[in-house]
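Both complexes shown next keep chain A, but they swap its partner, so chain B is in the first and chain C is in the second.
What follows is the complex of A and B.
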């Protein structure tokens, strides 16, 4: 188990290092940063001054290791636009993004687990096909479109939920639903497939031969085994939701990390862009590690003899 | 008093296309080991699963009479049946490697049976599980209770399955080829164990096997199945001494008996395989493979009695 953890940790560090390098290279590839920071009306002298002030005149490798060294100590630099520490900017907006991501994940699980179980228990019936059809539709629906439709129906016509902002918990429900829709199809199908496989297994026949109740057979014996791949994918989906909420945060005017990233790209505020990419990547890697750990908790065979 | 288990004219078919069991009748008395023998695919396991009402979805079961301790099972609700299963009638299976849930400890899987069917504490259930593990010959039962199935060998898992089946003191134990998947040395241990338990606890046992050596050692009574029918049924000694049905004779010829067959004599075999039989089939299902078959075998076959406790299904006279 310890060996397993150490191995995972080494992989995580390698992934983070790769992402850092890529984030650094990609922001430099977008053009001469000094020119874009100085603005369209700047003279050659202005550009050179900016280049000197931001340290962009140094060799790329020096710039890179300078950034990496500071990032390792938690210093992600200063935003060119907001003139504040990047870590403070991200720290302020992270709770919104995390709340949104968790809301999306909880809604997704609340929908896809029962649907998947139901479809598996009623395998090859009309109900099963309807569930699979809904999952397919969910996958095909663009999230910005679904967001607008929900705003019109739930927000404007019915007036049940606020349509933008972050004032109360109700503000997170609609964007949470939209975010959940991207994860529901995969989670539902995975739950269904896992349950069908588990229900056909020998240990479920044993559980029935023991005279256990239907609830115990389904939820204790079958779901426990069917849930193993679902947990792994759910953790990865949460990573996608945190990083991929840029569109949703736009549509619902939630000023989270996704919104910050979008603003900063437009303003060529590259320390912020680099830092957001890095932070999201680290969270993503951490979540896959959490998924592995939860798998080991759920599946004793992974814990070794 | 009625027999422990009465199965009369059991029929099982899958989706109306394949008749897996065709009018099989088996009776298990209290404290008796009744062996069900036959080739693979002859309906032994399906008969057992039908008795337990554990057939896969799509299987249809019907019987003139299917009763446990005189109580009719065909009209019993799912939950009524669930209260009997694991309780008064228990079953162990052929595949010890996959029959235990990989996600739960041995202890948790054993105690849940008792807690389902009896009012008891977790502590008392754990004590009972430890006692039974010791009884089936597992050393350090306390350690095993905390382990997961993947940490146990096949022989140990089958012992756990047996101990688990005994948790509620069942009156009937159905064992579906309990030793087939195990090493020969372990097979003998498990068989001795089952025979001992059967004797000590006075269990009625329906033992499904294709191994006639096992039958000879532990069976009180034998029913030979072929293509979903019981073609011959007799007390063990009588069946071995005086087999009547050509299929039974063929089966017995396939088993080498030291001292009885000569070294240069070829071992017998029955050519062909068990046919798949659909609804509306008439006559003897064995006729394609039988040396004595003639035109009359395509018609309804009478059941003959060779003695009071010995009957067989063949047109040939007793």
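What follows is the complex of A and C.
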């Protein structure tokens, strides 16, 4: 178990290091950053001043290791536009993105688990096909468009939910539903497949032979086994959702980390952009580690000798 | 993770209605994409401010010349929709070609050679999955400016993971089969075995992945164009059409409903066709 953990941790650190390198290269793609920061009306002297002030006159390798060295100690640099620490900016915005991600995940699970169980219990019936169709429809739904349609229907026409902003918990319902759509197809299919597999296994036959009630067999015996991969994938899906929330934060004007990145891209504020890429990647890697751990804890067979 | 088997449903492959629906949708989209200039009733770029926001045929005050109405600059919505189909299909297919080249090469090498190479391949896949594609694609477009070529290259470089995963796992299965052993015994070179024995046997799985990737690339392109950093205006990408029409959506919802439904139906069609092909080939697309 310890060996397993250490190996996963080493891979995680290597991934983070690679993402840092890629994020650094990414933000240097445009050529001379000083010119883009100084703006279109800057004189040559302004550009030189900017270059000196931000340390862009140093060789690229020095800039890179400076960034890596600082990031390793939690210092992600300073934003050019907001003139504050990037770590502080991200820290302020992260709760909104995390709230959105968790809302989306909870909604996705509330929809996927019952749907998947229903489809598995009624395998190859019309109900099963309807559930699979729902999963397909969800997969084809453009999230930003669904967001706009919900704003028109639930927001404007029915007046049930606020259209944009972050004032109350109601503000997270619509974006949460939209974000959930990205995870519902995968989670539903996985629940269905897991339940079908579990229902066909020997221990379910034993439970039936013992004369246990149908509900007990389904929820206590089958679901517990089917849930292992679902829980693990749910953690990974949360990682994808946090990374993909940039579009939804933009649609609903939620000022989370995705929105911050979006603003910063428009302002050439590259310390923020590279930091957000790094932070989201680290969160994703951490979540996949959690998923692997959960798998190992819940299913002793995966732990190996 | 447990292996998800393809359940023996009542109707699969070409016997299934949904596969046919998918094939018809994709067929229509292909015709629209290839014969675009012949099909558009008006110039999709011609503005006419005297004919702004004409409603589509099912609403009052419609103009029979403009079946789906006009946008905020008086451009024919149907023509822009057909042109947008060309953009979606073009981006979907080209992105998939780029990502397939990268992903299949990486995946087949990892699965075939194993050992250290495979460790490196797995590491590359993990790293790729940890990078949020929308954010990076937006950053690239923001820094380098938006263009079709750049968009295709960026998305191609970001979406190869599923190809790699599937190519790797299927290659591993094929590698140990008897006919590969026979080819080794016959003295075939590594390249000959890869190109002649392995690739043809994993191709069906890769075709199914390709359909999923085309659908994903189309959705991502629309999202990026919607955010203003995908296809540059005045090209009528569906995502861009939705973004431009957004200001009018509360008064005339059809302006976003039409391109959105087109996008949804096209992606659904590609997925339906892909599912049908998967059942037909008995292929697996989950890692």
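Some points to look at:
What we mean here is this: the second predicted complex is superposed on the first by the 302 of 305 C-alpha atoms of A that agree within 3 Å, B and C clash if a C-alpha of one lies under 4 Å from a C-alpha of the other, contacts with A are read in each partner's own complex, and residues count from 1 in each chain.
To be clear about the criterion, a contact is a pair of C-beta atoms (placed from the backbone, for glycine too) under 8 Å apart; a residue touches a chain by one contact, two chains touch by 3 or more.
The shown structure was predicted, so the numbers you read here are calculated from the model rather than taken from an experiment.
Residue contacts after overlaying the shared chain place A:290 against neither chain B nor chain C.
In the superposition on chain A, A:247 makes contact with chain C only, not with chain B.
When the shared chain is aligned, chain B comes close enough to touch A:209, but chain C does not. In the superposed model, A:201 makes contact with chain B only, not with chain C. Once chain A of one complex is fitted onto chain A of the other, the partner contacts of A:142 are limited to chain C, with no touch recorded for chain B. Comparing chain C and chain B on the residues of chain A they touch gives the larger count to C.
Once chain A of one complex is fitted onto chain A of the other, the partner contacts of A:221 are limited to chain B, with no touch recorded for chain C. By the touch rule above, chain C contacts chain A in their complex via residues 1-2, 4-5, 7, 9-10, 123, 126-127, 129-136, 138-140, 142-144, 215, 219, 222-223, 226-227, 229, 239, 242, 246, 249-250, 253, 256-257, 260, 263-265, 267-268, 271-272, 275.
Those residues of chain A whose C-beta lies close enough to touch chain C in the complex are 11, 14-15, 18-19, 22, 26-27, 29-30, 36, 123-124, 129, 136-137, 139-145, 148-149, 151-152, 156, 189-190, 193-194, 196-197, 229, 232-233, 239, 242-244, 246-247, 250, 258, 261-262, 265-266, 268, 270, 273, 276-277, 280-282, 284-285, 288. Contact residues of chain A toward chain B in the complex are 201-203, 205-214, 216, 221, 224-225, 298-301, 305. Looking at the complex, you find that chain B touches chain A at residues 52, 54, 78-79, 81-87, 90-91, 93, 95, 98-104, 112-113, 116-117, 148, 150-151, 161, 164.
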